[in-house]
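Shared between the two complexes below is chain A, which pairs with chain B and chain C, respectively.
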Partner chain A sequence: MRSISLKKLFLLHSWVGIVTGILLFIVCFTGALAVLSRPELKIWANPELHQLDTVPSEKVMTLINHYHQQVPKEFGKNIHVYLPTGHNTHLLTILFESHDGDENYDEEAAYAYQFDPRNFSLVNQYYGAADYFYEHRKTDAPSFIGHFHADLHLGRPIGLILTGFLGLTLLVSVVTGLFIHRQIIKELFTFRRKKGLDVIVNDAHKVMGIWGSVFHAIIGFTGAFLGLATVILLPAAAFVSFGGDQDKLVEKFTAMPETIVSNNYQATAIDTILLDAQTRYPKAKVIDLTVMAHNDANAQVYLRLIGGDAVASQLLQYSGDGKFSKSMSSFGDIPGPAIKVLELLFPLHFGNFAGVFVKLVWALLGLTTALLPLSGIMMWLTKRTRGSNPTLSEVAYQRWNRVIIGSCGGLVLATAILFPLQVLLNNFIPVQLHNGYFGPLFFLSWLVWCLFAVLPINYYRYLQVTLLITGGSCMSVLPLNMLLSSSHAFSSNNTLVTVVDISFLFIGGLIIYVSQRIMAKRQVLIKPTTQEVTI
Partner chain B sequence: MTVIYLILGCGLLVVSSLLLRLMRPASTWLSLVVFIGALICFIAEYGSIAGSFVSIASALLINLMVAFVFGKSISVR
Partner chain C sequence: MNKKHTFTATKRRHILACLLALITAVVMIPGMTTYLPFAMEEQILIPIMLFPFIWTALFIYAYMAKSAWQPFIVMLVILLSHAGLSFMALQGGQG
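Presenting the complex of A and B:
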């Protein structure tokens, strides 16, 4: 009975892996990179952020006061300020929002002003639908990858549902995998790297699966939650408790309720508030602030902080005169342990709760999550070509390998190309046109590389070329930056830029080295056969 | 101070992993003790909740690296 159950679990593990493996690799690989996208890679990608320390609080207040006078009265009720920290926009953005729109717009409308954080000159201004502004913000290579990870650029809700379900399948694979590999203790350190590629892949799959199981399970669960929360869980909760009225539910749990304007003037002390927040939480970073009923006696200011001693992001509430009210979670001031668990899901998925060290750990473990389905598929294919009665012919085996290299290797290649492209765009193309380049180049290069899989080429050679181009793209970032940009590894006074530039060179070199090793191993495997034939 | 705590924590995790790799009862217990030492380092730096998460995740990664680099220990008897 027990062996029958295990057999069923093995079948479930195999088929879940085979059906979703390639998609899972796509989501996990981009997720591993997305961990470092904000703020580290975003700062690297935007020269405006290279020399930035903190924006002076009095400057922020002056700009808000100045531009508040230029917008209609109803737009002063909600002001959002996005600080140029690399978490949101690359420019200091002040957005005056009217939830009810105005004479031109029935939906939420906004006046937005964007400033270069180096000299506070006005770079861009916008008037129109608020949603349109958010959807068409300037993107860059790291943000593009981050958004691709979230919804595969399929839009919402389809993309979110898909990534959410992939999180669930990852969870199923981890649980079934642990059950079927019962000899966990024996296989904890079993990795025979001097054996053939099949054995290496087999051992790597087990070692990564066992050691990473806790991480994979957490990422699967939190990913499923993040993907499905807004599209399935929120409507479900609204259906159960609010008669299907989602707006009512959001209103109930919103951390920033609408403020009633008293029409009594009182200057909102934004500079005092920003300084107080920095004094209270010196290790944390203020990423944005929301001002409700600006310069009114009832004004409320909310600051979103990330980092510091708190694991999850926190929201600070101040009254307009600069008096600190309370610190709460981003879900609002809701008591109970459930909300504490809920707010932990975000930092556990993003790995953004304790600095760069944790992000690196998350990125590396995320790469193992990506490699797990890939190694699983390779094992499944190899198993079917072996034995006295193989179910997969040699030609079919090669074809499947090419499909994997084309789809998964093609994704890695397309992603790697985005970084030298970012350097070229920064130096040759006006900023407002950047958004039009990332999507076409990424999807086109990926598609072209997938189409190569149709050709009857040697899949080892195909893999080698994929790795060579990927490595070459990464290695080209530093020389391109040195050649074209005034702010690169050896000229900018920003350690982050130096580390990222040199890391690209190192990673590119490592990828090329791995490609050479794989080919060398292949030669060793081929040689004895050739000799036998010669003899 | 952050760098010192991180280096010390990671060093202890490597030692803990190498001890665990020996697969002997005594070394396994010793490995746990060393891991607790690393846990203290991370908690001192990041606080109790974040420190626990960091030490567990780092331990997983370092054990994985040790498996990839050293492989299984072979007892010489």
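Presenting the complex of A and C:
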């Protein structure tokens, strides 16, 4: 490749990295955590799910039948049941929905009943707009992080467009990065960990970038697709094919078309259907079911399954009498290879296609995607302070470092604080008030930490304190849980809870160790000059 | 590295990469649905899935081309042709 082309690619790589670097870190870091948010961290965060096995199918049917009697007739056409698996709500939720609303609501309205999965007692009931119910469901630390990753809590469409475009810029960075690092084989195995911090950052950037290039490209592509699909891509596609009517397009790709009610009574065999699904796919987990025209001769039941031998989530269709109809993708029974590829985009982005091990690999690789723009910015800054004609003064260099620590380190710190907060909320604050705590604490702690960057403090000390507080927050989870909660690492009889509690302790310890190592390296860099003077 | 020697017409390239590449890639989606020789579902899904690659290619091309007018012409041709195809389809020329 000609040197001018390489120069152009190098500049383009730098520009994209500098402009989007901090935002990309924010999205990728929270994305790495979001991989483990559902169901693992969600189960950990909700004591109701600690002792849970599977909900008895006959109990689900009894509850649906009982509460169907209590809602107006039009609300029996669409019934959604969210099982407490850690993928949706933390409670067993039965939602009776009327798409056309009722005498009080012009929009979709719903009656919702939520039950404690441990004893099936009614915990919460709701009547109102369906959207309001979904938007105000109880959140927890892992769900908060997951939503923040998806749209930065900026709402839709702005948040989705922003994260979608960050996926696109990640793709550009991967493509240009692979071209400019031509000595790929050599750089794959170059990591000089005993050298100074600058060299370590440089080597780490190349090693993480090249080894993880396929992963970064997949995350960039799938992230761009997931962010932009509903906001830009689908409306654009609907423009010609459906005369701009996006609803018609969605209808085309919906797996659950409206069922015509015959008004002939026939009991819907929900228990038989649930048992059949578990027999057909014993390794998969039923996460929710939709009942159309409940207890009608035309009733249809759809079960959404995740895990097992299938890579993507699948939808099983049954007729009301319990007869299995077919298994299909979440988008419906659409032929052709394109839908197969589309189905794969979701598990490839979330890493939820082959158990916890793959999820852990995805989370670690996601952390490297987050560290790439950060190390890139650090390299860019260092380069500009070196040589006989530096373009960046020492003061400006320190200021930039503080900005990075405040924004990126502040995010890590604010995220870490959410987990001990979760333990405290679970033990001191009524569940219905939890939602009000995560946002303010997260954004406030992040903002305060960003504001420290304005002060002329030593950025090494700033980094060390950031890491110490982050590590301390993680380490406090296990003792807090042991002190306050009856269900913790050593008492819950739940391996997941034990592993998560101990992992927090380990990760916290590791972060504190890293902070000490960085300071030790700093001391080594300063000491030789003093020693020379002493000698 | 001197930016002036590396890129010509940097501002125009920024506009091409950040604005025109996006508009072109978006307009290509409905346009492609009119001529792809597949079933309706595939006609819709394939352009959607190609969008990230098309945008990335156009974005990089806007900077890599020897002169800034080259990507401008290429994008303009793609944009106008796909907009025209969409318009014709909407007018009933194609299903």
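Simple rule for what comes next: the second predicted complex is superposed on the first by the 529 of 535 C-alpha atoms of A that agree within 3 Å, B and C clash if a C-alpha of one lies under 4 Å from a C-alpha of the other, contacts with A are read in each partner's own complex, and residues count from 1 in each chain.
The rule is simple: contacts are C-beta pairs under 8 Å (C-beta built on N, C-alpha and C of every residue); 3 or more make two chains touch, one makes a residue touch a chain.
Keep in mind that this is a model prediction, so the values were computed, not measured.
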item: A:Val497 touches, of chain B and chain C: first, second, both or neither?; value: neither
item: Partner chain in contact with A:Phe357 - chain B first, chain C second, else both or neither; value: first
item: Which superposed partner A:Leu348 touches (first chain B, second chain C, both, neither); value: first
item: Which of chain B and chain C A:Leu9 touches, first, second, both or neither; value: second
item: Touching partner for A:Thr368 - first (chain B), second (chain C), both, neither; value: first
item: Dominant toucher of chain A (residue count), chain B or chain C; value: C
item: Which superposed partner A:Phe191 touches (first chain B, second chain C, both, neither); value: first
item: Touched partner set for A:Asp309, first chain B, second chain C, both or neither; value: first
item: Which of chain B and chain C A:Phe215 touches, first, second, both or neither; value: first
item: List of chain A residues in touch with chain C within their complex; value: 4-5, 7-12, 167-168, 171-172, 175-176, 220-221, 224-225, 228-229, 232-234, 236-237, 239-241, 243, 249, 252-253, 334-339, 341-342, 345
item: Footprint of chain A on chain C - complex, ascending; value: 1, 3, 6-7, 26-27, 29-31, 33-34, 38-49, 51-53, 55-56, 59-60, 63-64, 86, 89-90
item: Chain A-facing residues of chain B, complex; value: 2, 6, 20-21, 23, 45-47, 49-50, 53-54, 56-58, 60-61, 63-64, 66-68, 70-73
item: Of chain A, residues touching chain B in the complex; value: 185, 188-193, 204, 207-208, 211-212, 214-215, 309, 311, 344, 348, 353-355, 357-358, 361-362, 364-365, 368
